């Protein structure tokens, strides 16, 4: 069974840089690096494209007017370039949908995390995933065809397309996100905390509301912020549901327009490229990008702190 | 130490247990050519220094055992010899490791080539989640062997060498994960042999095995040393005494003592060594 | 103290606890009911319009004659091209970040960047696509421009899923491979990718499902909404897609178009289910091969 070791030249340093294998490895490394660079370039691209056109926009419209003006009518004479109505519309929808999604989602998350049997979880979680996978245009359709008549039946004075419409469908849309993110947070609360409280004779309600929720609070806040960011960026559903009238109002039964819906409106129209009207979409896009970025970064920052706390 | 090292163990060793390894004397060791030499090797995990100034000669075609309490740096030292430590972030190596007289930490060293020549068997068996055949053929494949017949031959040869052939010859295409722990470990040895290494590093290869599998692996090590230079880490004193020609005792990152196995076990020069191998440690 | 929560304790504690559990359970089942209701409504509404002619016809100004063929074909092209671009780039990025990149500050920055890209609204990608692909690269409103834009939208999803599944491969496999003298790429290609494949595929399916349903970026790059031909040239011809077509029909005031839109949604959901089923089958096949 003896085996003669194959004769070999003594161990040496890398024979040659031009060794085929090393060229191949080097090439692969380069290709992978380029792939990674693409995501960085994307970010740079977004910022450059938005800034480039926005700067030209802000040459003609002052930043001050844009940020504080309360009327938005770039496509009609007389033109007004105050973004606040769009901003207001966006956050009316985002806030309203959060009002629906957060209590419902949180209760669902608590049920799934603290009460439900494994079987129920096995059934409900995939269903929520299905809910999360339904495209936003479908929600837009539901708003137009089902929700809008329903609201008009209840409140006859409501506009045909209104913010409440959008709130309902966007609320349902971000619901799965609230559930799955909050459930993760609840699950990450150490079991020792639960057991400690039960050992003191607390019942399930005491433990859930008195111990687990407070411990998970900041994580749940982050989850809500992420969901709100999603609602802010939501486009097709709100375009179909909320109407197209920039409106500085907090009445959910009036027609409004969000930032995203405005971008859709201009993109669909025949505004020639290079005009001031056309550039408004980049300025609004920039405002939208910054809003969602701030929300996302803030939420991630909170989550990061939560993770550190439990490590 | 565990119960395996009884108090009067060194004396019993030389008489009661068959000790083929002990026949190689210190004089013979000195004449043997040195395969691997470390010179003043320091090793750092970040700021934590794990090895201090290790200078050790590893003779060719001999079995060198590394012993010492847990956490003393045996695995770290072993991984220095084929630069597996390179995969850990923030490490730092000072000093030299010479393989056939050439420093493997020299800039421009082909680490891949190095690892083909210095094979390794890990403490916990870690077969790939593939067939038995593919596990053994992996080394030759990545080295560029394509011919099926050559691979077949190689696989059979290595499985025979690691005393696994008889057990698996009829199910080479089964998943390696279906093998028992001992079989998996021998498969990992076969896999390491398939790259035809010159040096074989074994980190507690038998620590998770039953006595029978352990005996099989010890038998194997004895057979393999004709062809390979072997460095083995073990916590089992009897095992070290049975299989090795040279023994090195590590303590808290320092190399305390090194010498021919029979001398280390019968007549250690250092008090710490004696305490450790007799189980009076700590 | 009594074990039955007698008068010393809080008399309503048990009741409150029960009620709360009921409330939470109610919320959960409400979610599930909503889902069921929605799907049922859409399907029942669109069922009558659904027919082979509907699938095989071009859109029309009359709801009864409207068909979905160009949108369906456009969508299939789109997700095919998007997969073609996003899978290699996304998986490549994940491999680079997990296996090649030194763990330094730059890597952290890139990682944060990708997480944030995942949160950027898709319409913003549409604006980027408009500026970059449609105008700067002169791809006009072609399938190529649409697919490249959607690639950017779904890339973070692919990257994050692939990274996670690569990270889940036990490091002992990595070590064993390197110890046998495999190069980095050999280790990735022969060991890590096969082990991570199921997870990567799940991510890819998720990404493609998203790409299939996205209308906003396509609207922003100015994709057509009324197309009476099938795209033949992917860099010149205009195209439309299922969600875009559904959007256009829903936006019409006539009820007839709403029914056509519902039928379109059924088609869209069926395609979605097909993609997901394909993933399940593929995963099953892969896991069987491994045995």
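All chains are identified by letter, namely A, B and C, in their written order; residue positions are counted from 1 within each chain.
Quick note on the criterion: contacts are C-beta pairs under 8 Å (C-beta built on N, C-alpha and C of every residue); 3 or more make two chains touch, one makes a residue touch a chain.
On a predicted model such as this, the values are computed, not experimentally measured, just so you know.
> Could you pull out the chain whose C-alpha mean position is farthest off from that of subunit C?
Between subunit C and every other chain, the largest centroid distance is to B.
> When you take the mean of every protein CA atom shown, which chain's own CA mean is nearest to it?
When every chain is reduced to its C-alpha mean, the one closest to the whole-protein mean is C.
> Looking at chain pairs B-C and A-C, which one is connected by more C-beta pairs in contact?
Here the pair linked by more C-beta pairs in contact is A-C.
> Roughly how many whole angstrom separate the Cα centroids of subunit A and subunit B?
Once rounded, the distance between the two centres reads 54 Å.
> In whole angstrom, what separates the CA-based centres of subunit B and subunit C?
About 50 Å separates the centre of subunit B from that of subunit C.
> How many angstrom lie between the CA centroids of subunit A and subunit C, rounded to a whole number?
14
> So which stretches of subunit B touch two or more other chains?
If we look for residues of subunit B contacting two or more partner chains, we find 113-114.
> Specify, in ascending order, the residues of subunit C that touch 2 or more different other chains.
Residues 183 of subunit C touch two or more partner chains.
> Out of subunit A, which residues touch more than one other chain, so two or more?
Not one residue of subunit A touches more than one other chain, so the list is empty.
> Which stretch or stretches of subunit A touch subunit C in the complex?
Result: residues 21, 24-25, 28-29, 31-33, 35-36, 38-40, 42-43, 45-46, 49-50, 52-53, 103-104, 107-108, 110-112, 114-116, 120, 124, 127-128, 130-131, 133-138, 140-142, 144-146, 172, 175, 179, 203-206, 208-209, 226, 229-230, 232-236, 239-240, 260, 263-264, 267-268, 273, 281-282, 285, 288-289, 292-293, 295-297, 300 of subunit A touch subunit C.
> Considering only the defined contacts, which subunit C positions touch subunit B in the complex?
Touch list, subunit C to subunit B: 102-103, 170, 172-183, 186, 190-191, 195, 290-291.
> Would you tell me which residues of subunit C are touching subunit A in their complex?
Contact set of subunit C toward subunit A: 13-14, 16-17, 20-21, 23-28, 30-32, 34-35, 38, 41-42, 45, 88-90, 92-93, 95-97, 100-101, 110, 112-117, 119-128, 130-132, 135, 152, 155-156, 159, 183-185, 206, 209, 212-216, 219-222, 225, 243-244, 246-247, 250-251, 258, 261-262, 265, 268-269, 272.
> Inside the complex, what are the residues of subunit B that reach subunit C?
Against subunit C, the touching part of subunit B is residues 82, 84, 87, 89, 112-116, 119-120, 122, 124, 126-130, 138-139, 141-143, 175, 188, 191-192, 194-195.
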